[in-house]
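Take a look at the structures listed below.
Note that subunit A is present in both complexes that follow, paired respectively with subunit B and with subunit C.
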Partner chain A sequence: MFLGMLLLVFILINLSLGSVDIPFKSVIQTLTGSNPSKESWQYIILDYRLPKAVTAILVGSGLSISGLLMQTLFRNPLAGPFVLGISSGASLGVALLVLGVSLFSGSLTGLAFSNIGIAIAASIGSLLVLSAVMLVARRVKNTMSILIIGLMFGSFTAAIISVLAYFSPAEKLQQYVFWTFGSLGNLGWNEISILGILFLLCVGLLITIIKPLNSLLLGENYAISLGVNLKRTRNLTLIITGILTGVITAFSGPIAFIGLAVPHLTKLIIKTSNHRILLPAVAITGAILMLISDTIAQLPTSEYTLPINAVTSLFGAPIVIWLLIKKRALN
Partner chain B sequence: MKNKDSHIIKTTNLSIGYFNRKGNSCVVDNINLSLNKGNFVCILGKNGIGKSTLIRTLTKVQPKLSGEIILNGEPLEAISNPELAKKMSLVLTERIPESNLTVYELIALGRQPYTNWIGTLSDNDQQQIKQAIKQVHIEGIIDKRHDELSDGQLQKVMIARAIAQDTNLIVLDEPTAHLDIHNKIEIFTLLKKLSKKLHKTILISTHEINLALQLADELWLMNDEGIISGQTEGLITNGSVSKLFSSDLITFDVKLKQFFCISVISHNW
Partner chain C sequence: MNTEVLLDLQPEIIIGFAMNSNTKMFDNIEKAGIPVMFNGDWLEETPLGRAEWLKFFAILFEKETVTDSIFNTIEKEYNEAITIAKKATTKPTILSGSIFKDIWNLPAGDSFMAQYLKDANTDYLWANSQGKGSLSLSFESVFEKGQHADFWIDSGIYISYKELENANKHYTKFEAFKTKNIYSFAHQKGENGGLLYYELAPTQPHIILKDIIKAVHPELLPEYEPFFLKQLNNN
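On to the complex of A and B.
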């Protein structure tokens, strides 16, 4: 409840701050449908800031949920949405498109410049890596081995990207690097609805595995002894994480840190492991953190925008370290 | 068939072990055992003899090699996991991963086989959890996090969780490992009490021979030749217990129901 109110506050703050100074009153007026004093403000808010805020919410909560799922499934506090090689898969897709196309043929270059082209490439890349990991997972019983295999896939794809980057012209490399900075502002309402639908689909699936996720807190063997279908739970968890992380990375770039840190932050704030409470709390905390990061990235009232990927880590990492040290001190 | 009804588990020509690429490596074969309802049964045997393998096989954690395991009149492999969860609860040796779970929440997870799809605890569930907490006398620690507990407390909590699961059979793999003598005795008497008071069938593997000889209704003795099962008293008097360790370093005193080092005894003489 409290977190929900907090989210609302940060949405409004996020909407009112930006390179153009719009009074808070006008923001409210625009949102409630009455005309604000300036036409351009209405445009900025509805077609630029609002989509960006919605994206921030979806991205923040999606990545955080994925992180929590991975940490519960692998019973490892260092696990995050990216450990399965999903983000490296997305990066590989984009790298192949942006860097590879210029190497092998000239005809597809037009596609490489569009956002949709990049999104599709990233989705395909992450889905391919995820299916490869799942295929291996079917043969491997040990969940910890899947974690390591995911990491290996990550290094493997990273190596391919390095090779591609080495042979690419500077401008292509720059385009790729810009994608890796992450961005929340590139999405129109069409792309947001795709992201939103997939997000809701994942949440729907997620609700069905809350109970087995709770029993996994005791470890796999206890979970089985409580009647959990481990294979089904594991596959659903991997699929949900894959879709969420894949599609988010596709649209907004590989945004680091949020998925790893938000579950820890949330568990420090609300001391529970029950996924019925934890999942919504993690989703809202993730959304709030993403909105804050985005607000900071705007550098309010200035024309510059920092890369979102840098902001999340730059401000988030010290906070998490501080919180963990404080928690230890209390204990 | 009166006999059949009193058995909760019955095995016929059971072989246990591991599947390998080169062929199966059998740990123990030709196991014909039956576990009687309401008994406190201890599996004894030296390290590596296959106690854990037997427990893991009987609890469907790992597959059997061949033979038959009948649980409540049904073949074990025909029972689905959710159904099995209502018939048998486990206390394993593995550590619980780090989490914010409180003792109460941990015990409440034992109700999962009975709760609805999203895991809501009904009044009856709450009642069962309270009962379980009462049975093992851990009322004072239910709000603690599980990683704040001592080993002895944690073991009691895990037993409470198994009680909350409300199954006729509770299987425990070395429940007193890492515990001091006080806690060992406490856990053993608790298990004995549960089998008598709540009519639970309790099967444990253990190295606590002295406690097992005092408290177990039945013993399953595992040595290199196979498994001998029977009433505790009978196995002591017929000399089966003394054959448990085929070593010239150790001897069994039937009167004291204790094993001794040979050297200690020669000193006393």
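On to the complex of A and C.
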């Protein structure tokens, strides 16, 4: 409840702060349907800031849920879409499409410029890396090794991207680099509804595996003895994570640290490991953090903006360092 | 750059390009006995200054006299165009650049484009900004400032209003879109699909200036046919 109220407050703050200085009263007027004193303000709020806020909420909660799922599945506090190389997989997919097209053939060029093409490439990329990590995870039981292998996958994909980038023309490279900066403000309502539908689909699937997830926390053997279908739970978790991370990364770029940091932040506030409570809490906290990051990235009242990815990392990095120092306590 | 292949070609001279004093690669080439000259045309602050680099290359090919007369024509026509533009009775406001993701890139106040727009006797809305390159601004600040601009010059790679609309629906909310006063350099393409504007513009500043004048003050150059800068197609 409290978190829900907080979310509303931050949505309002996010909507009222931006490069253009719009008085809070006009923001409220626009949202309640009456016309503000300037026509352009109405457009900025309803057609720019509102879609951006909705995107921030979907991205923030989606990535945080992915992070939580990874941490539960691998039973490791350092797991997350980024650390396991899943985001790198999505980046590789996009890089192959955006940068690779110019090298190999021209027939896909149209696809490379459409958001849908990028979304598909990113989802395939993240699912591939995720399944590779899972395959390895089946053989290697030590979770620390799995994380290291995930990081290696990350370096591996980064290397392929470097090679592609080296041979790509400047325009394509720029297009890719800007994609990696992340951005929340370039989605129209059409794209947001695609993102929203996939998000709801994943949440729907998620509800069916809350119970098995809770028993997974106590160890795989224990979960099996409780009658949990381990294979199904594991596969569903992976598919959900892959789709969420892939689609979000596709539309908004590889956004760092949210997936890793938010579950820990949430667990600090709400001291439970029951996924029935934890999942919605993590989703809301993620949404709030993303809204705050976006508000900062807009550098209110200045004409310039910061890349969203830089802002989330500024938040995330200290938290991860703090985690490593406190790791003993977590174990 | 592949140094081995380069040495194998045995060029008489290398025209280099450097952003700062770190020229390690060229130092290596010089050690191999091939002279290196640095091209600094990108440091020029005015379009005419840049075109004057024709003379630099003329010396290498021993074509100084021809080039001198070519440059003098360019200079004369450019300055004539400035005089013509001064006769304009209006000073239209100008928007420029385009959105990538949610960032609007547009020429900074000391850039070539800003200089052209000034010489064409227009009011470029970002003329007072600092910097020679481009500005990366948030959509909403550009929208607030440029929503009512009379003209939109250099709208990026799109050559029709439809393409522009498909690229980003925010574009349609600008006055210049509604009044169909958007002009682009993207119409003229070379054999490989590159824009002729990028290839030829540095040596033809007089044509670019006249193109802009034709767009914003058509009454001043009634007979003139624009070459690089053309209005977007209607379909």
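Here, the second predicted complex is superposed on the first by the 268 of 331 C-alpha atoms of A that agree within 3 Å, B and C clash if a C-alpha of one lies under 4 Å from a C-alpha of the other, contacts with A are read in each partner's own complex, and residues count from 1 in each chain.
The rule is simple: a residue touches a chain if its C-beta (ideal position, glycine included) is under 8 Å from a C-beta of that chain, and two chains touch if they have at least 3 such contacts.
As the structure is a prediction and not an experimental result, all values here were calculated from the model.
Participant: Identify whether subunit B and subunit C fit side by side or clash on subunit A in the overlaid structures.
Facilitator: Partners fit side by side after overlay.
Participant: Once the shared chain is lined up, is A:Trp179 touching subunit B (first), subunit C (second), both, or neither of them?
Facilitator: In the superposition, A:Trp179 contacts subunit C only.
Participant: Considering only touches as defined above, state whether A:Tyr304 meets subunit B (first), subunit C (second), both or neither.
Facilitator: second
Participant: With the two complexes overlaid on chain A, check the angle at subunit A between subunit B and subunit C, Cα centres, nearest 10°.
Facilitator: In the superposed model, the angle at subunit A is 160 degrees.
Participant: Considering the aligned complexes, could you tell me the closest Cα pair distance between subunit B and subunit C in angstrom?
Facilitator: 40
Participant: Under the touch definition given earlier, write down the residues of subunit C that touch subunit A in their complex.
Facilitator: 99-103, 135-141, 143-144, 147, 168-170, 173
Participant: List the residues on subunit B that touch subunit A in their complex, please.
Facilitator: 59, 61, 80-86, 88-90, 92, 94-101, 105-106, 109-110, 112-113, 115, 117-119, 145, 165
Participant: Taking the complex as given, what residues does subunit A use to touch subunit C?
Facilitator: 18-20, 40, 43-44, 47-49, 52, 175, 178-179, 181, 183-186, 188, 298, 303-305
Participant: State the interface residues of subunit A toward subunit B in the complex, per the touch definition above.
Facilitator: That would be residues 75, 77, 207-208, 210-211, 214-215, 217-219, 221-222, 224-229, 267, 271-274, 276 of subunit A.
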